[in-house]
Amino acid sequence: MRGVKPTEQEELMYRAIQTFLVALCLLVSCLATGLRAQEDIRPLVDALGATSFPQKIEAVKALAASGNPKVADILQNLTDGKLYAPKTGGAVYLEGAADGAYLDALTGAPANEVPGNLAKIRLNNGLRGAIGAALSQLTLLSPDRAARLTASQDLLKDANPDNLALLNSALAQEKDAEVKATMEAARAVILLKTDASAEDKKAAIDMIAARGNRDALTILTAAMDNAPDDLKPAIEKNIASIKTSLAAWDVAQNIWYGLSLGSVLLLAAIGLAITFGVMGIINMAHGEMVMLGAYTTYVVQQTVASVAPGMTDYSLAFAVPAAFLFTGLVGVGIERSVIRWLYGRPLETLLATWGISLILQQAIRTIFGPTNRQVDNPSWMSGAFEVGGLAITYNRMWIIVFSLGVFVALLLLLKRSKFGLQMRAVTQNRRMASSMGIRTPWVDALTFGLGSGIAGMAGVALSQIDNVSPNLGQNYIIDSFMVVVFGGVGNLWGTLVGALTLGIANKFLEPYAGAVLGKILILIFIILFIQRRPRGLFALKGRAVEQ
Amino acid sequence: MDEKTSTSLLYLDGVSVSFDGFKALNSLSFVVEPGELRAIIGPNGAGKTTMMDIITGKTRPDSGQVFFNGDIDLTKKDEADIAQLGIGRKFQKPTVFESHTVWDNIELALNRKRGVFSTLFYRLTPADKTRIEEILETVRMTARKDDLAANLSHGQKQWLEIGMLLAQEPKLLLVDEPVAGMTDAETAETAILLKEIAKTRSVVVVEHDMGFIRDLGVKVTCLAEGSVLAEGSIDFVSNDPKVIENYLGR
Amino acid sequence: MITQMLFSRHEKKTVWAVFLILLAAALVPLANLLIPEGSAFHVPGYLVPLLGKYLCYALLALALDLVWGYCGILSLGHGAFFALGGYAMGMYLMRQIGDRGVYANPLLPDFMVFLNWQELPWYWYGFNHFAFAALMVVLVPGLLAFVFGWFAFRSRVTGVYLSIITQAMTYALLLAFFRNEMGFGGNNGLTDFKEILGFNVQAGGTRAALFAATAIALALALVLSSAIVRSKYGKVLVGVRDAESRTRFLGYRVENMKLFIFTVSAMMAGVAGALYVPQVGIINPGEFAPANSIEVVIWTAVGGRGTLIGPIIGAILVNFGKSIFTAAFPEFWLFALGALFVATTLFLPKGVVGTVQQFIARRKEQKKADAVEQAYQDKAAAKAESQLATLEPQAAE
Amino acid sequence: MKIKSHVMSAFLAGALATTAFSSVYAAEDTIKVGILHSLSGTMAISETTLKDAMLMLIEDQNKKGGLLGKKLEAVVVDPASDWPLFAEKARELISVDKVSAVFGCWTSSSRKSVLPVFEELNSLLFYPVQYEGEESSRNIFYTGAAPNQQAIPAVDYLMNTEGVERFVLEGTDYVYPRTTNKILEAYLIAKGIPKEDILINYTPFGFSDWQTEVAKIKEFGSAGKKTAVVSTINGDANVPFYKELGNKGIKATDIPVVAFSVGEEELAGLDTKPLVGHLAAWNYFQSVDAPANAEFIKEWHAFTKNDKRVTNDPMEAAYIGFKAWVSAVEAAGTTDTDAVLDTIIGTTVPNLSGGYATVMPNHHITKPVLIGEIQADGQFEIVQQTPAVVGDEWSDYLPDSKDLISDWRKPMSCGNFNVATGKCGGKGS
């Protein structure tokens, strides 16, 4: 058990030095001949097929330095996993269109005499970084704005002093403001690393500090180490001021996180606010309705992908109504078959719906298997953008929008539509409503269907941020009950305020108390709060409630 | 505290309470003397039930004074305290313990120690037994003493509840619509029962049934919009133009 | 006074149930230990702790039924009291391991050793004494229930609000006990016990004794519960369940009534947990899971709430079914269990025992009604007549 | 009288013995194998696959003629992610079904729960999942990785190849991450990483809102030193974690994440395009290029009738455990526990990555450590593979266990022998 202690480190060092020397020789010979003929870079390309990553990295760097116009394509092919080489190292080939067909990596002509043991050339993070840096040098002058932006960002990250001249020339002709700003930042960072004049460095520091974000902080912190002493106070001052502004942004960020968490809670709870809050059914199968919604999203996405692959980005648009209708129907089915026998016996609904939730979970497990299903984020829900110091991810933002949309739609439905009126009538006084000609069984079924349908829509949103697994619903059911009860049973506004309050409180506690303790504190808070207001945040008062 | 408080059994002065902006009671003042039987009438929403809620400690007034037996401040007590002080209350809807027998209902209401341990170790004494039998006789339920309260008719439940209040031996009895849903015969009999009860204690009856109030033949207070509109004999009150406009006229 | 309270006024079926449980307490261990294996009456060794487990669950269900069935407080957090009792016992059993743990640390349990704890946390002191641990088994759940109930019942939290905050309570405890910093072994909990009161927990004799102890505890709890619910206090509880405000206006302090039964019930749950731990050999935070507490509610409902025997039968029935199904249909048993719950609510709303009782009561009622009807009608007619007679003067007015 | 002898147990156990009923029908000459994996509840997501893998291996063995001339018969039960139920089911498998060995458990809690049962009833458990170590039982074989077969090589890779100088140890709050992180912290400090460059953070099970944590990682990573995350986040919480990482734009080239609990199965629920380059350390990847693996994958796809079903590390561990048991039974000529315990030590069986696994005297096995980078297709690109490493049950980096070793061969037969004091039983003092 005293494990094998590998001597890899030494071996790696040795190899690295060796490779470096080989590469250096190649480089020198290239430059010396001054030839730009493509055949001259063939040894470098074949070096990409080396067996160790350091060797490959050197080859990439050498290729980039060669300035050959073919290099960008070759490196792109490498990134895309289209280049092959023998497992033992050797000549590099490009994947052909047909299976088992290979092309010459350099010329793109069909290759003859391909070795039998070809394998895809492997990349690792180091190599990927090197390729990024190399490509950025090559695409910095590209006519495509997006390419230039990526290239300048890569340069900023890489900050290799060797690229200073290149940057200077690119800056001279850059027109686009954003690209230019990035380039200037990259230049400033590089300047800090070189032995430029103190004045230039001062300007560079100001330039970076003006960006004011976390990246700037990173750069400045790193620059502290090798900065000349007379610059240090300036850097320190800038670091301090960035930190202060970031601290302020942190508060805003926490509020955003809280809103985001709150919107998820709201979505999860709002269906329950109907089935539990309005109808009084202790609906333990609510979580499973959410889960069914998420699985509907999965099925819809799969269907769209196979029927109309071009529409996959918009499959959510189909999933939302599909989930609403499907889970709504399941809800109506449950109401008609089980719950309608249990009105006036709320505690027994707990028992029956718990049974239903077990059945639904196991049904999904039997049909789809116990493992997670993959639901992709559409491109418009991927990534993030920054507003000042706020990092806002698209998926969270859309979920906030979606949950508020659902809330408003539901509110309008209840307050403005005939169905809403009938629903309120039935839940307030069943016998009276029925004697006034309202078909109460129908309204009950639809109300439960509505609550379930909304849970299904929540499932669509949750599929974007959480596991799509048979356990999905279980993770939200308790939180949902907490939100509804905290907000006050039977009050939609209570659910809204409750969800957002709990979300924000949780996110403010989390950085200090940690995620686990934070959640415990929230639960204790709910318990104590209910002592103060035994009927939740937005309790109905007056004598109607007492009876 | 003026003189009235010390001599009256129940004394309400300037009591106001509101729910979500709605003023259920508006500076209500009201006095009940020991041994008095008083009827209260008023339209729906006049604050009759709220007034009872205030007296029995279910609702706290926003302002005003409520004194019992001279100097006991009821606003500082809760339902159980107030019940133990000797105020009994009958609800509008008959409320009895449906899954207990008639006998058990009365036994539970009996004015004995009501702590956890006194009830846990309680044993029925011969004296208590006699008392329960007496009450059952008074409310004419002896024959049904072993039946579950759930199986009683509406009127019988009303009587059982009154019986429970008797067992409680209150100084003041608040009775909310005791004859709602009763037949004429039952109504008349209830009037007799209440008058008999009022011989030994004060009773406040809230009722809509003017015939019933006439049967009682006692001082009447008419409430409207949370305060007293008129007070006096039934004839005096029913001739009051304000009462006619607010209540009887409609 | 207490003995009098305990040994008077029991229903016949309660007496029978107590007798049967005590019989099991004697017979199962005997059949396990004395009767040779080939015999028809031998109880195999693996069954003893399994049956013991069912009885622990039965005790827990009985405890829940006291508050839910008789007082109308639906606690969705009774698993917490059970688990706390279990942890108290688990801590005793951990301390009994002494230096026989894998690291042979005489003081610290293994899980503290490999997480580099240097000293025993203060709340572990005393648990090396059985008497102290046994006290804690009832005190800790009782105290938690008392404090929780003190606040909740005084502020008149009722109905689903109360149910949900009891759920919040057990959920918070679940999260807390998952934390390794709490010093209760985190997710793994407490396990690998060696001895209880000097006897090897793995030995057949110890198992049999633990089973007997559980059965006796259950019988005692049944006697106690029966005494409680048949006393005047028990009647007040039912009053609270059926008409809380009426009880209040009769002068009873409803919050005290609830608090007492809630605390007693929590203590019973703690005892159930303490007996459970040595028999299943592990206690971990999973016992705090809200789903577990909901399951207890379901056992009680299946058996029949508001009866004393119902929860016992329900707990045994459901868990027995679970044991069968998880082995016989591992892929589909949840369907069966789910269907059982739905079917129970739809077709046996009063649970198994409740339905049987109702059936018997109806038969009796029918017989009685047939016999009494005539006499009763006569009486009623006479009564109506006399009433009319007394009312005549007023009616004429 | 045979029937009568079942009266009592049938009365009490009833259909508990359904499996016993089936044994009436089953021919007497089968060897029973217990499969103890959760098929419902929270762990079903991971464990169901292992049940399928075991069924496949048993079927395969039967096709080859079974074992000792008898057919193998799988007895599947569902312990439902409920730890006490694991113990109950284990007891039932051993006592009622009389299985010869049990393959099962996933979480440490479930293993801890059944351990006393296996020791008491003297049966065998093959445990196929990577775990925190600090245990060695006479009756359990640990065919998954110990921390030194996964965590330490992964951290070495980060330091040597990626040049990482700053570490976030992010884990779910339970024993495996806690212990692993304790070991890693000690190891990193021994390697000269200052304490302030190590951030340890824990989240609850099933945690789904990672915004704050990911922001914290980003902040910690902005101190000017190359930073990496070592993730011991458990199962369910991973998907939302990686989704948040992807959306926050944290690329593997900026802050690589190396995970010990994320395999092909977990990635199957994820769009891995934004995650390319993040790492995992295991002893097997589906992408391993070896004939045995290709054969295994083919068989798996045929067995599950699904070409998309992935294979993963615990499946390989189950495979090795099963093969080792089969080989040991063949060597012993019986399934008797004590005989198998004697023959199994030193048994060497091929693993799926083209090498061999040997069952060591400490009941752990030798395993190569593979570091893989997540690819866009949900598979791993293997970027480093070490020679086989022996599983170290008692970590060298924890003060109280560094002197302990385990050797179940006679005459030592000890799970916690203290080399400092020369005595069995922990400190031995």
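Letters are used for the chains, namely A, B, C and D, taken in the order the chains are written, and counting of residues starts over at 1 for each.
Criterion: contacts are C-beta pairs under 8 Å (C-beta built on N, C-alpha and C of every residue); 3 or more make two chains touch, one makes a residue touch a chain.
Protein names from UniProt, one per chain: B = Urea transport system ATP-binding protein; C = Urea transport system permease protein; D = Urea transport system substrate-binding protein.
Quick caveat, the model's predicted, so the values are computed rather than measured.
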Inset, instruction - Please indicate which chain is farthest from chain B, where distance is taken between mean Cα coordinates of the chains. - result: D
Inset, instruction - Check A-C against A-D and say which one is joined by more contacting C-beta pairs. - result: A-D
Inset, instruction - Return the distance between the CA-based centres of chain A and chain C, expressed in whole Å. - result: 46
Legend entry - Separation of mean Cα positions, chain D and chain A [Å, integer]: 29
Inset, instruction - Would you kindly tell me how far, in whole Å, the mean C-alpha position of chain D lies from that of chain C? - result: 37
Inset, instruction - For chain A and chain B, let me know how many angstrom lie between their CA-based centres, rounded off. - result: 66
Inset, instruction - For chain C, write out the residues touching at least two other chains, lowest number first. - result: 175, 178-179, 331, 334
Legend entry - Multi-chain contact residues (two or more partners), chain A: 361-362, 474, 516, 519
Legend entry - Residues on chain A engaged by chain D in the complex (per definition of touch): 1-4, 6, 8-9, 12, 53, 81, 119, 122-126, 128-129, 132, 157, 214-215, 217-219, 221-222, 224-225, 253-254, 257, 260-261, 264, 361-362, 365, 369-374, 376-377, 382-384, 391, 393-396, 464-471, 474-475, 507, 510-511, 514-516, 519
Inset, instruction - Give every residue of chain C touching chain D within the complex, in rising order. - result: 31, 38-47, 49-51, 53, 99-105, 110-111, 113-116, 175, 178-180, 185-189, 191-193, 202, 280-282, 284, 286, 320, 323-324, 326-328, 330-331, 333-334
Inset, instruction - Would you tell me which residues of chain C are touching chain A in their complex? - result: 74, 148, 151-152, 155-158, 160-161, 163-165, 167-169, 171-172, 175-176, 178-179, 290-291, 294, 297-298, 301, 331-332, 334-335, 337-342, 344-346, 349
Inset, instruction - Could you please specify the touching residues of chain D with respect to chain A in the complex? - result: 39-42, 44-45, 48-49, 148, 152, 160-162, 173, 201-204, 206-209, 211-213, 215-216, 218-219, 221-225, 236, 239-240, 243-244, 246-249, 252-254, 256, 265-266, 268-271, 274, 277, 279, 289, 360, 362, 364, 373, 375, 381-383, 386-394, 396, 405
Legend entry - Touching residues on chain D, where the partner in the complex is chain C: 4-9, 12-16, 18-19, 39-40, 76-80, 82-85, 87-89, 91-92, 94-96, 107-109, 112-113, 115-117, 120, 134-136, 173-175, 178-179, 182, 204-205, 398-401, 404, 415-416, 418, 425-429
